[in-house]
Amino acid sequence: MIIVLKAHATQEQAEKLLAMIESKGLEPLYLPGEERTVLGALGDERKLGELHLENHPDVDTVKQILSPYKKVSRELHPEDTVVNVDGTRFSEEGFVVIAGPCAVESEQQIQTVAKGIKERGANLLRGGIFKPRTSPYSFQGLGLDGLEMFSQAASSNQLGTVTEVTDVEEVAQLDGKVSMFQIGARNMQNFRLLKAVGQTKTPVLLKRGMSAKINELLLAAEYIVDNGNEQVVLCERGIRTYETATRNTLDLNAVALMKQKSHLPVVVDPSHGTGVRELIIPMSKAAVAAGADGIIVEVHPDPTIALSDAHQQLSLDQFGDLMRQIEPFVKAAGRTLR
Amino acid sequence: MIIVLKAHATQEQAEKLLAMIESKGLEPLYLPGEERTVLGALGDERKLGELHLENHPDVDTVKQILSPYKKVSRELHPEDTVVNVDGTRFSEEGFVVIAGPCAVESEQQIQTVAKGIKERGANLLRGGIFKPRTSPYSFQGLGLDGLEMFSQAASSNQLGTVTEVTDVEEVAQLDGKVSMFQIGARNMQNFRLLKAVGQTKTPVLLKRGMSAKINELLLAAEYIVDNGNEQVVLCERGIRTYETATRNTLDLNAVALMKQKSHLPVVVDPSHGTGVRELIIPMSKAAVAAGADGIIVEVHPDPTIALSDAHQQLSLDQFGDLMRQIEPFVKAAGRTLR
Amino acid sequence: MIIVLKAHATQEQAEKLLAMIESKGLEPLYLPGEERTVLGALGDERKLGELHLENHPDVDTVKQILSPYKKVSRELHPEDTVVNVDGTRFSEEGFVVIAGPCAVESEQQIQTVAKGIKERGANLLRGGIFKPRTSPYSFQGLGLDGLEMFSQAASSNQLGTVTEVTDVEEVAQLDGKVSMFQIGARNMQNFRLLKAVGQTKTPVLLKRGMSAKINELLLAAEYIVDNGNEQVVLCERGIRTYETATRNTLDLNAVALMKQKSHLPVVVDPSHGTGVRELIIPMSKAAVAAGADGIIVEVHPDPTIALSDAHQQLSLDQFGDLMRQIEPFVKAAGRTLR
Amino acid sequence: MIIVLKAHATQEQAEKLLAMIESKGLEPLYLPGEERTVLGALGDERKLGELHLENHPDVDTVKQILSPYKKVSRELHPEDTVVNVDGTRFSEEGFVVIAGPCAVESEQQIQTVAKGIKERGANLLRGGIFKPRTSPYSFQGLGLDGLEMFSQAASSNQLGTVTEVTDVEEVAQLDGKVSMFQIGARNMQNFRLLKAVGQTKTPVLLKRGMSAKINELLLAAEYIVDNGNEQVVLCERGIRTYETATRNTLDLNAVALMKQKSHLPVVVDPSHGTGVRELIIPMSKAAVAAGADGIIVEVHPDPTIALSDAHQQLSLDQFGDLMRQIEPFVKAAGRTLR
């Protein structure tokens, strides 16, 4: 860690800081300059966290040299982590397609979707069971009644299942009953929830928060891995920017960067990432080309009557189109579908 | 609601949509134009939510005419709501100062702060008991042990208490034991939590999410009020922008706008809103002038050893300075301190 | 146009507004509602601009029904515009690669690059002649001396040329001497400059401003087309967001959306769009897949000694890699290189 | 400057970099660590710019220790610069009010405004003469015809004048004919224009770009000062964020921060900073309290018929209100109006 002192800092003040660094087992360095004094701390700088040097009144700025995350970093773990969800592998060979409705709405709806996406080549079925919503006046999900319909639809079509968990209690209720947990964008920094899924053996799809930095997403993944669960898939789902023509700005830079910085698989959610049905297919292709290991898309038997997020759900026909259109790009990427 | 159809939409398609509008009890309007057909729906357009017209394949865009929130709007409730927290009133006469450490760290720490801020004119004591943190390696709060220290420090100094709740269980544990709940920025759209505090009689300080729009904050407040608790104070605490010289961008436009749109009190958090200790005093003055009903600031007996957020905590001396420096602006606003 | 009146507006006030609408030749509509009155204006709403209804004290909000741009819109001009730059065609068949250094630095530098990129399959040579820079202490470009070197290098390698113009005077100086003008991100709304290039017959590469909305870019293109020059290529080059891991956030949503909204070709600048050399190749592939008609990349014979933007320039070897790696994706898109 | 090498960098590569640093006259430092090697460069690091170390393939990141600007920094120039515009002083004693229409539209309009704002206490008259506009269909300003009307109106009311210059030619045309140049947000990084005004003796009001960082604004000011003109006033006018309830987000953090970092005066533009007429008065008060040295507001005799920006212009009555309402805050700040 590099510590730049304020202009007024004296040598005595610098020495106090150097002693603090040494007390944590790091090698301190003293670099007086003409305009500013700079200190260094060599060693495992993550141990310096408790000193909060950035808050010290004599300190101007600090610069970390190592990344704040460790276990999810490719530096110490160069090979790709393969995440295995009931036999579906997130890896460099395949390209995983997760599809399904925003919310499970009825037995017929979820059966139709499950059968339809399976026939068209999807790997995993997604569906919301609990739907905490922005407006108090909106549909809130079927709850545990929906779970039964959801599991039934998936198993009768040989599909693994992905569903969102929004609090610790739901993790306990659903563990063992779904193939993969999803942590939604709003909960990316719900650390109690991250800890709970980290203590299970169920793979986790971790979505980037709407205004989360890439480093923050990786740190949230670190939290899960650090609690014992290494089966984590990162998900880029669009960030909030000033642009209003699309609901979010899909950040494919983040996909390419995270594949380089981390060994975890990365998938893309073009439904939320655009919020515009007509953009889902082109952005799915772009996700493949940027190096993603899969996509997660919203599919509904009749989007015009969907109880939530209808604007961005595909019909089964449109989903079939999507699968046909991404195929040449999946091949160009040296991967295969299904 | 105004519904603009896509260029290709036929009259027949328009008529289907008009029938849907009528079925919800609104008056439908048909406005064919040269390039586009426009439909109208007159009446309580909140009832149209379930139709999800924005998702209909023949619909280009929709425009709501009424605000999406109702109970927190000044349109139907022109007079200011006064929120009363153990005798401290958030109203147009006073200017409420909430102060205290980011986290309760020890009995001595919280006693020193409570006594110090009381002497300098604060109204309420804040302090974190549970501290879910970004990094798995950081201090996580004292939990219920901290609650006892916190309540003791407050009561022995005749101060009401404000603490954050981060899940439904904490609401149950803390209800009746603190004077005011805080909903943090990360939980502004945790609807289960909003519902839980909405069902208590404890006043709520609702912080704006880091990338939440003003409308979304008002809708989150609506959620609480709709569940039965009208004692809600809105809090502007800075939004995430591209600027990196400050931790967040304090949006005082939002303060002035929310005072006009809503009857709820509004306070400002200049500590998180800037992330820079030297900016807390000028931005507190600016908050007063923009029309805020109070501020919430982080104060620590020794910020250099604070276990969290040290960069933005004031010492007691600095807090004394703050109180002295805002006083003439509080008077200029026609308000009084304490 | 739909005009929502303020809650207090009377029928008399509404009638005055209706008369104003009628005076402009549009059909006025009066839609009184329970809580709000809404007015409509049917016809060519672009004529209403002068009325500035959005500023009228009785008006709450207005909603345009038609897009603010016209000539660049696909609605009235469904077929793709093909832009022809000295024989290089921006169209749905090919995929155009523009390459070259940030700035022309010396005869040897530009000759090496021109030869190198030609051999590896590029279509057009880019290079900055005038380089207005952020810091007064930075390299400012060679000026007209550079032009000669640049043209020579291009013509001896049968490459067309693209260079940035930053004011009206430069347009006059360079017209006829380069194959294509580039309008940089900082000048996207320099209307005098847009007018100047609009009055030439030289094709224009128009870059999106760092914080420009898609609609604003299309409106800037409209400005050029409206002045008589229809040979405009739009360029997505990344927008400024809160993310700091990359220099900009490349917005490929914008590429897919602009291809749907407009008939003009769209290219992508992955060099500025990421600011990170390692991301240029994956994001070039993603650009192809999102539907772009080409890319513009920075290439330098020795990026380590480049006088500007070295962080994001590719060496010739890296550029060769880029060409090899995008090829399968270009084929998957049904296009061909060169 | 601190230079962090990539993980793979060898000692030999480090030594090459150290030699480069030494060649520029700075003292090189070699700090090998367990996971990364760090280099230091002590001395005037602004000289290292040409080395572009951030682009070197062995370099991961660099951290500047000194601010990138020098002459506008308070570090080397602790006392406030007083800017004098025809006798109106931007200093810590007064609070300067600049008012006038977005554009000069007619003799009668500008005379009415000039007289009206003078009577109500303004110090300087603003008005646009050239108005490059977003849409090709909008009013473009009266040009030099407007200048005569503008100067006449100002001088007959003993007001200094402020007008925007948008290119080098206008600087020559207007120099000596107006009291202060304004550089608009779109031209904040138009370096040729900055140089041109830097070579005059006319004071400059420099507006922050819509997505410019504070550091970039200070660097643009440095550009002007470096060319010889020290009479520069910085202007915060709102930044572009994801929030849509206001046209821009007024960043008063920036005002407080720039007053601490720089010795130049800072003013606020609440008209553009909010884009909402009803917010201009509260945000003007907030600007005073945040430490601004003045404001610049748009005033029009009849905003409902203004040819541009009508939504955010005040009538003369509203301007009178503004002056009355800010007065107690100006006094609280220890300043005086007029």
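Letters A, B, C and D mark the chains as written, and numbering starts fresh at 1 in each.
FYI, a contact is a pair of C-beta atoms (placed from the backbone, for glycine too) under 8 Å apart; a residue touches a chain by one contact, two chains touch by 3 or more.
Because the structure is a prediction, the values reported are computed rather than measured.
In terms of the stated touch criterion, the partners common to subunit A and subunit B are C, D, listed by label.
Relative to the C-alpha centre of subunit C, the farthest chain centre belongs to B. The chain pair with the larger count of C-beta pairs in contact, out of B-D and B-C, is B-D. Subunit C and subunit D have Cα centroids separated by 27 Å.
Taking each chain's centre as the average of its CA atoms, subunit B and subunit C sit 39 Å apart. Centroid to centroid, with C-alpha atoms defining each point, subunit B and subunit D lie 31 Å apart.
Listed for subunit A are residues 211, 240-242, 244, each touching two or more other chains. Note for the complex: subunit A touches subunit B at residues 46, 49-50, 52, 54-57, 68, 132-140, 166-168, 186, 189-192, 210-211, 216, 219, 222-223, 226-227, 240, 303-313. Of all the residues in subunit A, the ones that touch subunit D in their complex are 2, 4, 7, 29, 31, 33-36, 38, 40, 42-44, 61, 63, 65-66, 75, 240-242, 244.
Considering their complex, residues 211, 213-215, 239, 241-246, 249-257, 259-260, 273-274, 276, 278-279, 282-283, 285-291, 328-329, 331-333 of subunit B touch subunit D.
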